[in-house]
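You will see two complexes here that share chain A, one where it goes with chain B and one where it goes with chain C.
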Partner chain A sequence: MIGRIVRHELRSARRDGRIRTVLLLTLALLAVAVIAGATNVRALQAQREEAAALERANWLAQGPKNPHAAAHFGQYAFKPISGLALFDRGVDRYLGSAVWLEAHRRNTLVHRPADDAPAVQRFGDLSAANILQWIGPLLALLLTFAAIAGERERGTLRLLVSQGVRPQALVLGKLAAAMLVLAPLVLAALLAAATLAGATELPRVGLLALGYGLYLGCFAALNLAISARARSSSAALVGSLALWVVAVVAVPRIAADIAAWAHPTPSEHDFFAQVARDIKLGINGHDPRDSRTEALKAELLARYDVKTVEELPVNFAGVALQAGEEYGDRVYDRRYGELHAIHRRQAEVRLALALLSPRLALQPLSAALCGTDLAAHREFAAAAEEHRRALVRRLNEDVAQHPGASPFEYLAGPELWRELGELRQDDADPPPADLRGLAILGALFLLATSLALASARRLHVDP
Partner chain B sequence: MLRAEALTKRYEEVEALTGLELEVRPGEVYCLLGPNGAGKSTTMNLFLGFAAPTAGRAWVCGLDVQHHLIESKRHLAYIPEQVHLYPHLSGAENLEYFAGLGGSAVSGPEIAALLERVGLPAAAHHRRSGEYSKGMRQKVGLAIAVAKRARALLLDEPTSGLDPRASFEFSRLVRSMCDEGVAVLMATHDLFRARDLASRIGIMSAGRLVWEGGSGDLAGEDLERVYLEHVRRAAEEAAA
Partner chain C sequence: MRPSLLRSQLRLLLREPTLRLGALVLLLCFGYALARGRAWALADAEQLARVQHDVDAEVGKKREEVADVEAGRVRAEERPFAGSPLDYKVAAALPPGPLAALATGQRDLAASVTQVTPWGRSDALLTRQSLADPEQLQAGTFDAAFVVVYLLPLLVIGLTFDLLAGERERGTLRLVLSQPISPAGFLLAKLAARLVVILALLGLFGVAAAAALGTGVTAGLLAWIAVAAVYALFWSALAFAVNTRGRSSAANAMTLAGAWVSLVLVLPAAINTVVEQALPLPSRMVLIGELRAAENRAAAWIHDHPELTGDDVFAWARAHYRVQRAVEEETAPRFAAFAARLEARTELVRASSWVSPPVLVHEALSELAGTGPARHAAFGAQVLAFVDSLRGEMAPRLYAGRRLTAGEYDALPRFTFVEEEPAQVAVRLVPPLGLLVVASAGLLLWGVLRLRRGEPPVRGPKVG
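This part shows the complex of A and B:
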């Protein structure tokens, strides 16, 4: 019986010129978004390659200098761009694309594409993900708001129910049909994106399809629940539009504010001021830098059984620099750890509020599967930091291995610069995606479907 | 086949149906006559399970409707006063869909035969039903009922608004279904149609069955007189 209802609904949708037009327009919009996304990602990848090559040439051409000066000369590391970023840009536009690696300091990423965007783009990025997240629920609304209320108004509901159709079967058939109408949009956008991205990660594309399918299914089921209870299709339309405004627009915005209020993030100024204080006065506030240097000096003099630093078999400046670097690393690990914990707690709050808005579950899932979420960003930042530490350590060791009258009179050359490679992450596996959003979407879909079935159970056939 | 047992329905302060006792046997046409608000449509809704009785029971083929909402409908076909079809589908497509949902999958030749049997012109079979007249829609409704091969047929003012020829054809088809053993309960205002078609007639007024008899018990003018008398008396009682 459900199969018959599904076939009937699909035939009705096919013959409805309004539905055909809206679906075609959305498909065209998705095509534009995917092509524009692919063009943009390719341009960014080319820019990144060019900048990385230039950066490497600058590093190699820096000439003879003290290794510590080279550590301050530094180098840029460029964040790789995921192929599937053309489908969902995630947080990429807001978190920077390159990081300056230098001695003593763990910098944040710079060059955020959003900074260069025209003001009009503040209203949202035209990505396939955004289109499906914003317009997809409206399409679900178009397909389902009058599904039951319209049958009742037309008078066909009496005939349907008198034929022995279970109201629950009617709802399930209409839900399945709505999902089948919407599925080609999701699949077309994802397959086009995967093809243009050259992505070989079909499992991720499959999970994206499942996530978006459940997301749209949630709205279709909730609209059906509203339609089953509404007295008229115009009342159902108002109810479904209210649902869209709340679940797609309002709750995600409010959830971000609640998360930031519950777990405030320090300003960039306060964060780095705290880091500078920790390095200067010690993590516990009672271990100033000068004391740490004096302690290191005493420890080295004792170890080598000499009286002055000039008698040491190593360059004290190099050892002290590395020790200072390692202390700084501890400070950065601690403070960044706290900052990341705040970000995680904020994400938990948003995910908890996903019970009120499926978009809050889909957004992080989609970005994670496309490699454009905060976790991917953090993974690059961590790899860059590891690279920075290895680079500075090697440069400081080189200083330490060359004792002399003046700590910085030693000059290294191109051999050392060549030895120190650039950070390449192109072949790195994307971090494993957090799939809790998918589980929440699955639960929400089941909940919404149960609600629709419960509404159907109390179906009234007369207007 | 169809049985009402002290069937009562109250909507808040209004008693729409009071203690209805009624039985329709196989091959019988039982016509319920009565003015608007007499309780005819409420009776239909209770047999269809569209409303729950306040007291009493409605039985379809031995099944208590309230306890067998879906199963009881398998034995029932229903034609309302206005058969509403999907306007974007043709008569043939509507028939295929509704008959399929009723458990009788019908295909091309059967659909054509059914529509021909109810008198829908062949040229109209594949036209959008949105272009159909009321009579044509009623015929598709009847075809859906015939396709279902139901053992009981509920007709709620089915000939209202039909021209005499269409009404006559409709009656002929209902009679042919009766001849096949179908029990028919028909609510109508049409005294002429009732006398023409019914095996038994019941007159309802203010939610009560106030008179019941065989169609042969009364001549045409007597039926009209009895009907008007009972309706007037019930109205006076209600006013008092």
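This part shows the complex of A and C:
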């Protein structure tokens, strides 16, 4: 029976000029978004290649200098952009794109694309993901708001029920039909994006399709529940529109706000001032840098059984630099660890509030699957930091291996620069995506469907 | 339209549960936004004060080092770098305006404080190593400007989508029009009653903001509320025009919701895309590569010219300083091209805001709150000018090896942000806002003419 309901609904959706127009408009918007996204991502990828080549040449073109001076010159690493970013830029615009890997300091990535964008960007960008997240639920609304209430007003609901159509079957049929109408839209956008991105990761595209399908399904089911209970189809429309405003526009914003309120992020001044204090006075505040250096000196003198630093078979400056570097690494690990914990707790607050808005579950899921979320950014930042530590360690070792009359008179040359490679991250596997959002979407979809079925059970067939 | 008609409509309206619910929700949203905005602006001001304090303490310590040497408490050889002209530092801050709590604008994104020293390069001064949660930045804050730009039109739509169709569908329209009232007059009275309520809500918010922010009723606050009122007028006029088409209330709701989605969500996003595609920025990443290539060249050049650096304790600082200036000189055209592109983008967005009321109103509300892009751009320009003047003062000392004396520290320049004249802000904002008022009037007139021309829209289509 459900099959016949679905076929009937699909036929009437096809005949509805209004639905056809809106579907076509949305499809056109999606096409524009995917093409614009693709040109953007291609340009960014090309720029990154160019910058990386330039940076490599700069590193090799350093003249003879002390390895520690080279460590201060450092290297720049540029974050790759994932192909599927053309579908969903995620939070990538609000994260830095380049990081300076230098001695003593673990820098944060700088140059967020958002820094250079006009203020109008705060309205959001025209990505396929955004269009599906904003307008997809409105299409679901258009397909479902009058589904029950309209039949009731026209008197066809009584007719159907008297012919033995179970209200639950009716609701399920209409839900399935609405999702079947929307499915091609989601699939077209995703397949176009995946093709343009040259994405080989079909499982990710499949998960994206599932996520967006469940998201739109939530709205369709909730609208059906509203339609089954509403006095009239116009009351159902107002109710469904209110739901859309709350779930798509208001709650995501308020959730981000509440998360930042509950777990405030430190300012960069406070953060880096704390790091500087930790390094200077010791992580526990009672182990100042000067006494750490003295202890290191005493230990080395004892180990090599000599009286003065000049008699050491190694360059003490190099050893001290590396010891300082490693102490700094401990401080950075700890403070960045705290910062990341704050971001994680913020994400958890938002995810908890996803019960009020499926968009809060879909947004992080979509960004994660497209490789444009904070986790993907972290993955790059962590690789860059690992590279920085190896780079600086090698340079410090080179200083240590060259004792001399004055600590920094030794000059290294191009052989050393060539030995030290650049950060290569392109063929690294993307980090496993956080799929909690998908589980929440699944649960929300089941909840919404059971709400719709519960409303169908207590259906009034007459207006 | 007669005053008695407006009064009776107002009385009727105030009894409607939809209005009460809508007004309550709006006021709750405004209240939350105001409380959050206030807490946020206070934290922001504290942060600026903390940076100021830390920088002052740092410079104070350097001054003490010089004073110790001057007083003979410490031998000069023990503090070889005391009084180095490059070590002077100033915290340059963009103070939050009195209304910063009303609109976050660009404040959570752009730098509003930076530590200026003659060291380093100018481009680094405004580059933030931000740790902010990107999700929060992307979602945007729930500020009063958001309530106005996004939610206020929804209340307007909720109150106006069935002005005429509602009466028709309930069967009361025929009764009303049997009295000596023109349809246009009747509809206008209903609309005016709703506008009065919305203006009253905005007024209430204004009073609450004046009290909560401790600013009192200032010209800035009045202008802020006035911009919100113009925006409400625009949406009311649009709803009026839609109502006069004589369609069902469901069709009206659909049309107005579609207009909201197009104007508030899709059009601004489309403007973004157009700006990005039409005026692509030179790559920041490539620029970094060029800066570093220039640095390599300058370092090689200074290595070959030891006479420029001398051989005293400041030799290294001189070399570094000269390298950075050479790098800036070489890359200046690149930065100029970048700035020109940014300027062209700003112009394009400004032009597009003439046809996009939400973009216009959002920018106006941010500008009036002192968090808009123009004020941040002015801050950036003033910081760059300041560091240039600071370098102008310190470079001759550096080259001559002349240290700062303890007494000189007290007379060194400090940064003060110079506000833009309110008249300049007005010149920018009033014409497009004026056009918005004219457009609203046009929509109202169009609707009235339609009602006059057509027969009384008593019948209209059936519901559903």
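The rule is short, and it goes like this: the second predicted complex is superposed on the first by the 463 of 463 C-alpha atoms of A that agree within 3 Å, B and C clash if a C-alpha of one lies under 4 Å from a C-alpha of the other, contacts with A are read in each partner's own complex, and residues count from 1 in each chain.
Rule of thumb we're sticking to: a residue touches a chain if its C-beta (ideal position, glycine included) is under 8 Å from a C-beta of that chain, and two chains touch if they have at least 3 such contacts.
Everything numeric in this text was worked out from a predicted model, so none of it was measured.
Contact with chain B, but none with chain C, is seen for A:D16 once the two complexes are overlaid on the shared chain.
Using the contact criterion defined above for the overlaid structures, shared-chain residue A:R345 touches neither chain B nor chain C, since it reaches no partner. Of the two partner chains, chain B is the only one touched by A:Q163; chain C is not. In the superposition on chain A, contact of A:R277 is made with neither chain B nor chain C.
In the superposition on chain A, A:R253 makes contact with chain C only, not with chain B.
Contact comparison for chain A: of chain B and chain C, C touches the greater number of residues. In the overlay built on the shared chain, the residue A:H8 is in contact with chain B alone; chain C does not reach it. In the superposition on chain A, contact is made by A:W134 with chain C only, not with chain B. Of the two partner chains, both chain B and chain C are touched by A:R154. Applying the stated touch rule to the two superposed structures, the overlap between the chain B and chain C interfaces on chain A comprises residues 154. Chain contact summary for the complex, chain A toward chain C: residues 29, 32-33, 36, 39-40, 43, 47-48, 50-51, 53-55, 57-58, 61-63, 73, 76, 78, 91, 93-98, 107-108, 110-112, 114-126, 130, 134-135, 138, 142, 146, 150, 153-154, 232-234, 237-238, 241, 245, 249-250, 252-257, 259-261, 264-273, 339, 342-343, 346-347, 350, 363-364, 374, 377. Looking at the complex, you find that chain A touches chain B at residues 1, 4-5, 8, 11-12, 15-16, 154-156, 158-166, 461-462.
By the touch rule above, chain C contacts chain A in their complex via residues 29, 32, 36, 43, 47, 50-51, 54, 105-106, 109-110, 113, 127-142, 146, 150-151, 154, 158, 162, 169, 248-250, 253-254, 257, 261, 264-266, 268-273, 275-277, 280-281, 283-286, 288-290, 292-293, 295-296, 299-300, 303, 342, 345-346, 349, 352-353, 358-359, 362-363, 366, 372-373, 463-464. Per the touch definition, chain B reaches chain A in the complex via residues 48, 50, 70-71, 73-74, 76-78, 80, 82-86, 88-89, 93, 97-98, 100-103, 141, 144, 148.
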